[in-house]
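Below you'll find the structure I mean.
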Amino acid sequence: MSRILDVQSIVAGYGEANVLTNVSIYADKAEVVSIVGANGAGKTTLISTLAGVIKPRSGEVYFQGERITDMPAHERPQKMLAMVPEGGRLFPFMTVLENLKLGAFPERARSGFNQRLEEIFDIFSILRERRGQLAGHLSGGERQMCAIARAMMSRPALLMLDEPSVGLSPVMTERVFETIRSLATRDNLTVLLVEQNVGEALDISDRGYVIDHGSIAMTGLSSELKDNPQVQGAYMGL
Amino acid sequence: MDQFFNVVALGMLLGGTYALVSVGLNLIFGVIRIVNFSQGEFLMLGMYGAYLGYSTMGLDPYAGAFIVVPALTLLGMVVYWLVMRPLQNEPMMQVFASFGLLLLIQNVVLAITGGVGMSMNTPFSQVTLTIAGVQFSATRLIILLAALVAAGGLGLFLAKTNFGQAIRAVAQDRMAAQLMGINVERTFMWSFGIGTGLAGLAGVLLTPIYTLSPQIGGNFVMAAFAVVVLGGLGSVLGALVGGFIVGLTEAFAGYYIDPELKHAVIFIVFIAVLLIKPSGLFGQAGAEEVGLREQS
Amino acid sequence: MKKFNGAGVLAVLVGAGWITVAAAQEGTIKIGAITPNTGGMAVLGNDLANWYELAADEINAKGGVLGKKVKIIRGDATNAQEAIAAVDKLATVDKVDIISGTIASFISQAASEAAVNYNKMYWETNALAVELTTRGLPNFLRTGPSAAYYAMQAADVSKGKVASVVGKPVNKLKIWVEHEDSNYGTSIATEVDRLMKAEGATVQIAGHKASAVDLTDSILRAQQANPDIFIISGYVVDTHLLLRTMRERNFKPAATILIGLGDSPDTLKAIGPEYLQGILIVTFPRQAINQKYAPGSDAVNKAYVDKYKVPSIGNAGINGYVGMQILFKAIEATKGDMSVSALMKAAKAMDMPIGSFTTGYGVKFDENMQNTRGQAVTYQWQGDSTKVVWPQEAALDGVSMIKLARP
């Protein structure tokens, strides 16, 4: 199994404070890895560091064997690393189609755009209908789907998602998670899923990390974590 | 009654001037969120650039535009990179820096020229066209055309090209744009450069009409601020429509009421529009919108 | 190793004017000159200070005033704050006897009030605002014309000459005064209005912003009124824009009078000689003037070029030169007493007829200490240059007002 992502002893934060004190994680090819934890545990800081939006203070990040610790955020999509930020962050005054086009902005993703667009429309059929609509006018679920589709336009090797279930109804959440799972299977995609919705996230992932106060508190197969009474007590309200 | 159409023509021509001056200002605001107080000084540099070409090489200002506009685009990019970029996490400081640039550029030009007024008198600047009794000054007509071409061209560029779409993406959500692989700093640099280049274009085209002074940029930019707020901050179409509203209001108020009161009338229209639509006429709707979303 | 030569260094410093040697004060009359030497008015400010120095050179060459050399010490001021600071420095550091100036009225106002604190005479030669002399400041007088004298000259040339050239009696004249709407332009316009209405003429005054981007509306309105005489009282940028718009709109009043400016090479460049033909300019007297009216003005213009290697740029510099000469006369009259009271008394007593100085000025101060014999004159664009055409006796022999209506 080949290692896609290898994060070694990351320290990161904002201003004076360190949010992540010492985080090491990894993800292998075609693996769905979830990172779960409470609000403020450092999940978003971790994923932002991996996307290059935040620079780590120490530690290393390797992606497909290449050191990308200091690589600027805008160079990472070219390296097949994509992220769906919390809330999707679509470009509200652009159409769905324009948003998808921007997803294919990296040089690498521009050739075969039309074919890729058809593939994406086959997976996200609602977007085919909504292609001419302004992204700002989409419903919450459509918006999240569109954001995932946009990230997929760049044909990533690693897809990172920050809280894709936030603000969605349980039915919609389930559909989003199903889509994520099927993408991983279909494209041999590695997925890094950051979630507060611990139960659902562990349901669709192969492996999981529990993050607490800026460091990894527990790790293991998702099924094991799900059965762990500590996890159940602290995060799943059981 | 024949004067009525003359006044309409006058307002449209003046609107073209205001629109051209405002487009660059609005691009910079829409994309980078900097209120560039030094925009008028780039316009003034465009005027002096055209004058320099005219007085040293006998270059017609319209030909000089092909040198002056790229030069000011480049200057704008350098200024962004050296002055604005280091302050990008402090928006208030960027506004102060643009004000500092205003003083710096004015005083440098003042020191070089010694404050002597400069004018050119090209044969073309004396041409007027009379169509059905309505007079058009040829120089003003060219400015009107340039405004339409610049606004239309910029609109197409933003809508149709990859780089234009990248600029709009950055304007709407710079963090998400980064995640798409867009180099935000480079986009800012180009946007600032295009904005100052457009100011330079306005300056060049205005040169045959005015007597140059280092302070002249302020005369245009005060109106341009009204135009962009009226039309909607960040909107290219808004700059165009706002320009025509201010131009026509000024012409009608100046001719039918009193030239001394025309600025007061513009101010009344300005307040009335903002009361009805606080975001300006084109402040929020439409895909031509360069962006008005709060950045986080 | 060379020995440090203290005396040599000192001599260099004195020569460069960095050290004022106390002993020299005895035989010197020091006059502080407050002018804007930097900023937008620098050209005019330096020109005025140059003329002051030329006046000092000339009197020094003749042995000075009462045997004392005159020295001009420059003080730079571009705004009111700097004016006050410049007065402080001139009075305390340079220890001048009298302060003079100024190009701009707002600088004059602040500087002259600051001079009161040091009990120094403020000998204004150039600033134009009428209010400067009506403030009742105890140390202030003005040797040159105020803005009101521009208006008086405009009215005088209109009724004395333009009416007959236009071919209408004065009380049938229609006059439009287009002024920039600050105090300067407005005060001239209202004064012309008053003077010409008193003559029975029909006068309309209209204002515009000097910073306006377009003035076509003003021109269209004036055109509609179809005046015989169109008078512009503005600054350079708006005056040029008005002239260009007039040309563009084919507006040809029988006579056009520009006030205070419009006789420079730059106006020639901006508007071109064809359209300028016949346009009248009311301004300070300086060149192309009859030597019987303004004795020695040709010679002194030449002396300026000899000294500074360039022709004088400002139209007001020679007016300051004459102001200095009047000051020298006043100092002679006080026998060297530089106190405010002595100088004011001497000035009040002066009575010199028109034509006493190189600008044609005489000296007679009114109760506000405004010189009533410092007249503006009227120039006209003829060919590539301007020539005095009014008053009649100031015009060069063979020069008269050319046809006003332009092709």
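Each chain gets a letter, A, B and C, in the order it is written, and its residues are counted from 1.
Operating definition for what follows: a residue touches a chain if its C-beta (ideal position, glycine included) is under 8 Å from a C-beta of that chain, and two chains touch if they have at least 3 such contacts.
As the structure is a computational prediction, the values presented were derived from the model and not from experiment.
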item	value
Centre-most chain [mean C-alpha coordinates]	B
Furthest chain, CA centroid comparison against chain B	A
Intercentroid distance (Cα basis), chain B paired with chain A, Å	42
Inter-centroid spacing, chain C versus chain A (mean Cα positions, whole Å)	76
Chain B - residues contacting chain C, complex	3, 6-7, 10, 14, 17-18, 110, 114-121, 125-126, 128, 135, 137, 209-211, 213-216, 218-220, 222-223, 250-251, 254-255, 258-260, 262-263
Residue ranges of chain C touching chain B (in the complex, touch as defined)	39-43, 181, 206-209, 211-218, 220-221, 224, 236-237, 240-241, 244, 247-250, 266, 269-272, 313
Chain B residues within the chain A interface of the complex	162, 165-166, 168-169, 172-173, 175-184, 286-287, 289, 291, 293
Interfacial residue positions of chain A with respect to chain B in the complex	51-53, 72-78, 82-83, 85, 89-95, 98, 101-103, 105-106, 134, 150-151, 154
